[in-house]
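Sending over a structure as structure tokens; questions will come in a sec.
Chain naming follows the written order as A, B, C, D, E and F, and within any one chain the residues start at number 1.
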């Protein structure tokens, strides 16, 4: 099983600091970090009245969303906490509210950690002996699948694209190497050439929109489109917690652009006059191209993905 | 106009040396280098009989084809020289044969240098003010087009993929920069994302096969395939001299794989056990996806490309 | 916000008259008109027993469905009223039944008027500054989206097809003009030519079938099909009330053909011997081609559309 | 057989006048008109020296190309005349030159008139009893095919799109009506709906580019693209004389935009502020989508089309 | 209406025997047979304690799943019985448990028999006078549709592929013949040739996976794929009971391969050295290619199919 | 090398008899048989004047074309003979004419036999070690390719569809077996399932039309269409002699339908009332789907195929 662990956060401020310093990485860790922030406030701090407590929560929320405005999981943690706050009778004791929020956040964190395990098992069921799987970039959900399949003794191999600019797939290749899964490592431009060799494609997700389309590392939509012309299925591995509920109301998934320094190196150009380096980091894969989203509820059709959010809410609420 | 110049070769052996040291780059320079080798033998060396002369030519041919077995232009230069040899009456004086071969080779070299200019003009006619063109990798034919269009005062911009592993497009971007052509520089995985912004695609060729399909830098076929799904035309810029005539007989274009060192850097992996780095350097774009091959005879349908070889032969033969 | 207002109906007979005279236009107005008919009967007329009341309702129903047999919204209003009638105990006082039906119909009318506003807001969230949107024909739902986006200060432009034979898009162009939204007005045959310029497509719906495919003005399916080949998303704006529940049981959406007089003008032909003018007015766009249906519940995957009917029923029933 | 007749031109100036007054219509009539202009100068006017004669030809050429700069057939007539002029020895008598030009132009005119007959026969061979053919706009080449098939007693029917804005297909429908060919007349937006009913598609050409792609009435490329998704073949009927030889050198086919008055009617809009009516009149259908170009040399693959220009030149030169 | 009848099973052992002897055919009969086995145990056998009863059920389950490990309907019957067992309080009387299991199984059997009727009615609603429908292989669900449509007086015709190797469509053709439905009988390789003649395609299902993709007789996916390129809709007729719930957890639908004897005949080959006859009997049609699954709940989008399993459970449980 | 031998024809009448008795099989044998008929008349029979000789030739021609009206190769042999007759001066001696026709026919026969060898070599160059090739039906041209590749020691395997109704691929499988080429034998309906396993597809031709589309055994076009959606190239192996020159003039390739007895067996149906068995034996694969036609001139683009007919004519004429 995948050993997913979070930073040992000391306080809500520590959470915000680590987010600011970019030590939190990946959609799920962000969601848990947000839950940790609310939890640590609830566990560690004292409030004389409800109004002050809520102001405190508000400050944390706006701070975290200021740093990562597009991160669905931070938004989701906030939403669950505020739904709870809204449901608690006005006259409840402030410490009781803190207790309930702390409990909810513990539940969110716990749920999130288990979700990767569950989807890893479902995804590993897809993998059969002899399969060759193309992947792209790095995804802890994907790693959970491969590790469970390898640990179960299945013999398969993986084609890793290097995934420029950051070449995150090096990490994926090393993990697969440590589990004795043979890896073929290719450049991103080689995916069409190598696609006939793959049996299917598995990729991760940064964010899922409510109609089941998936934002993920640049190149994911390209691979998915090409897969349609080569009779290959595309699976996306992701926890339901990565759904961006704002997309239900028509809000677009914001696809981050990052700094040009990640794309070029010293000495590449004497000057950038007239040269616009664009490091568009994410793209959007349309739902109809996705065979299934491998999540903690099984392998589900992308268009059905929002119907699982309600189940998630029930589980973290302990119902 | 594009200033294409060759290495100043001192002798046939020098040609071979420079090929071996990888100082000759690009299909057309290889073809001219081969012509130079035959020319220098013919101009500089003395032979007492025809048999010795032919043995000398044979040695040069096999040496060059040993170093670059798949290079169509080397094969073509050889073919033209040997066609001439076959047509010269047996009893011709050895120095007369040398003179004729030298003349032919001078004609080949001259033809090749002019071809890039001609196709540059035809290609620049395609470009209209306001156009945005996606390109991939580096190609001197492509540069000839862009330089002629820019020099003619046309206002257009170019989207350059970085073209891993060697990122040759940096050179293209610098040349375009020097001609004040705005460049957008993106990763290879971004081509599907940026394709709607392009008006059409222009790419070069390493080798053209007789049915009009084109071997070029890895990623060319990927871009071409995606262009079909985005209503964008694909042009290939290439001299006719890059046709591999052996493909007429069913021989496949050999698509070079290069060393893995070009793909990975020191420190990427502790060990490569179980990790197979494949640096497939060329791919093959199918003829029906290509709107036109921009060559020295104009913009021609890919399927018609072999019909221009005969015209080329006539021109270099001085008929 | 869109000022949607209905005819001020005086009586159930007046409703039927206005339907007959074709003064009621668009799926939603038909649904509300039907609700008005039941409401006016309930409010204005006196019945001594339940049987007579039901006979009266029956007569209205059959009259309206005779005039517009394929109109899903008339069918839906009838269905909701009769579901209520079925649920009321046999021995309820006739005036109490009238009161409940009147209340339900008021609720239906109110719901319908608000739905266009809600979907307008969700749709306007999709629109970003600088977007170019292709639309086809006229749709009040679509107008609600554009007006809300323009009113929110968003800068976007719209490509309107003329939408033969009736060229309804003239009305759309005028409304957009009044909100200072730049319009490009083209013939229907030009959509493939102009599609690369559009960022996405938004169209309305006459009827939605239970699997999410959409009947709309002739040309909608053509545009949608072409959009698939040009990397453009297709959104459909429509209230859920336009679902034709009969399609769940396999009944096809009946695609109206209208009179040939709308297609030809005086003097076009001396005689129509041997010339069959077909004015097929609606076509059917397949669900998998639709990115999302913009409805009062948000932007939902077409295949999920029936799951929102239950929610609508609950809301209009006041639960 | 199709009765094609030209205007009875009185003089070169008359030709230019009729071109200016838009009384010459269709690519082939323009080419013949240009030939008439050169012929009438040669037959009617007297020149004391060759220089004056050539100046006169030059003035006619520039006048006609100024009025219709994009018309390939005018350009082709000029090209053939000037090729002849270039081939005549410098010291030839001026009246002999006039005689030769007159003869060439008579040959061009004659060739053009016969070409429509020949292609009509070849096209009619394609039509089998029971076929349903979809056409678009009006084309005299197409009419020649249908008339020959009908005259040969074949029983077939034709689906005519109205072809906005000018609805030229009304003329096609009337001609078919007069030959008792049943016509189904539909709006342009209906082509996707009716395509399954058609067995194949036949359309005309305004201009053919050297790679076999075809400029024709707006909507032709749309229909062709949709035909690819419905297993229907697309034939283009056109004389070889419509090839635009300038496209060989990369020059784009200029796709005419015409006046907005053709698209809108009085009263459509109070003002056009903010409304841009674009009457793009032609579009470009890609060669690979065309099953065959029905020309005077038979039904030929579009990519081969330029190879027939040489044959045309030989025939009009009387060789 | 379709007369579906099961074997008159005498005992649980008899059920297993008939399964072993391959006298039970088709997904639904297998599911009912499994229900009969549990029912006959419950009705006919006596148990002194609950543990023994459960051991008995266990033995039957493992026996049936050993014989048909991939059969979803056997698995489903087991799952429903064991869900019931789990819900019964520990201390319930053994005979009461038997009674409840017997009742549940009767309900399952009854439900299954009615489901084919219901879907037959919904499917027949799709069929309009004049329609031509392409089908493949044999399916009792499909027959139910055709029989109900024919019995309702609809005039339509059916294209039957022979469906090698067993040519089950002969049975379909005979049944259609007996209902006076005209049949065109073609080889499997002819489906692309005849597809333009069909209005749509209807096929059956062996198993439905949770994402709506459908396992059915080899050739189904081929036909479905081709239908996408010919503008034809694909319907699948199947009871919900054929859903394989294990696919929710990523388990692949196991696609049976059968004996080579079904493919070759005596005398076809002298020896099979070096010849591998593969009789892959089922293939998998992707959900996005399917217009609708015609089931007992109506014509539903394939991606929604699992949401109907819950309704089925409620109905057979009598809630 | 493939041992192609013809029947030892005794006389022109014997040729006609063997054609009538269906002992001549395959396009090339038909063409040679026709040449044999003209040759045997010329060699064996005596004529006192040219008119009688020509009448005799006419009778043979019409007899053979009556029996096989659609067979392009019979038509081609006739055309070549008559072209020769037309070119011989009127006053030539009758025996001299006979000599020349006999010589031409010997040349045709010889050319045809060598063509299969040549294309076999070119095709075998395509095959690389480790390749898996999908084929369909039987074709002697295809066998020539496989035999030459196997004889050259290449290791490859072949997927054979059974090719209903006659299952000609059994013969192919046996020949491959005798050359130790591993064969996978599948039903026709399995081609989409097995396509990902194939590296490319090779099929034969019955007739080639002038635009390069290919008539071949039913299923060829189906496989070719599916190959486009699975990134597989389609090669067609055929001598140029199979071009049907009548298609240049728009004449369609006539696609034979054969007797229903080949499709059904005794006992399949009690009666065929209402069941129409259609044994459409050939279909037409569009040229743009074909990567190359493997012929005696190499691997050529389908659209160029007619340009090789002229070369063929020159060779058989001995020029």
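Assume a residue touches a chain if its C-beta (ideal position, glycine included) is under 8 Å from a C-beta of that chain, and two chains touch if they have at least 3 such contacts.
According to UniProt, the chain labels map to these proteins: A, B, C, D, E, F = Translation initiation factor eIF-2B.
Owing to the predicted nature of the structure, the values given are computational and were not obtained by experimental measurement.
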_Keeping to the contact definition above, tell me which chains border both chain C and chain E._
A, D
*What are the chains that chain B and chain F both touch?*
A, D
*Report which of D-E and E-F is connected by more C-beta pairs in contact.*
E-F
_Duplicate of the A-E contact set - from C-D, C-E or D-E, the pair where over half of the pairs recur_ = C-E
*CA centre of chain B versus CA centre of chain C: separation in Å?*
59
_On a C-alpha centroid basis, what's the spacing between chain D and chain F, in Å?_
39
_Interface hub residues of chain E, defined as touching at least two other chains_ = 229, 288, 303-304, 307
*Okay, what are all the chain pairs that touch?*
A-B, A-C, A-E, A-F, B-C, B-D, B-F, C-D, C-E, D-E, D-F, E-F
_chain C residues touching chain B - in the complex, by the definition given at the top_ = 195-196, 229-231
*Can you check the complex and tell me which residues of chain E touch chain C?*
121-126, 128, 233, 288, 291-292, 294, 297-304, 307
*Across the complex, what residues on chain F touch chain D?*
210-213, 247-252, 286-288, 303-304, 306-307
*Name, in rising order, each residue of chain C that touches chain D in their complex.*
161-165, 167, 170, 173-174, 176-177, 180-194, 217-219, 221-222, 225-226, 229, 263-264, 268-271, 273-280, 283
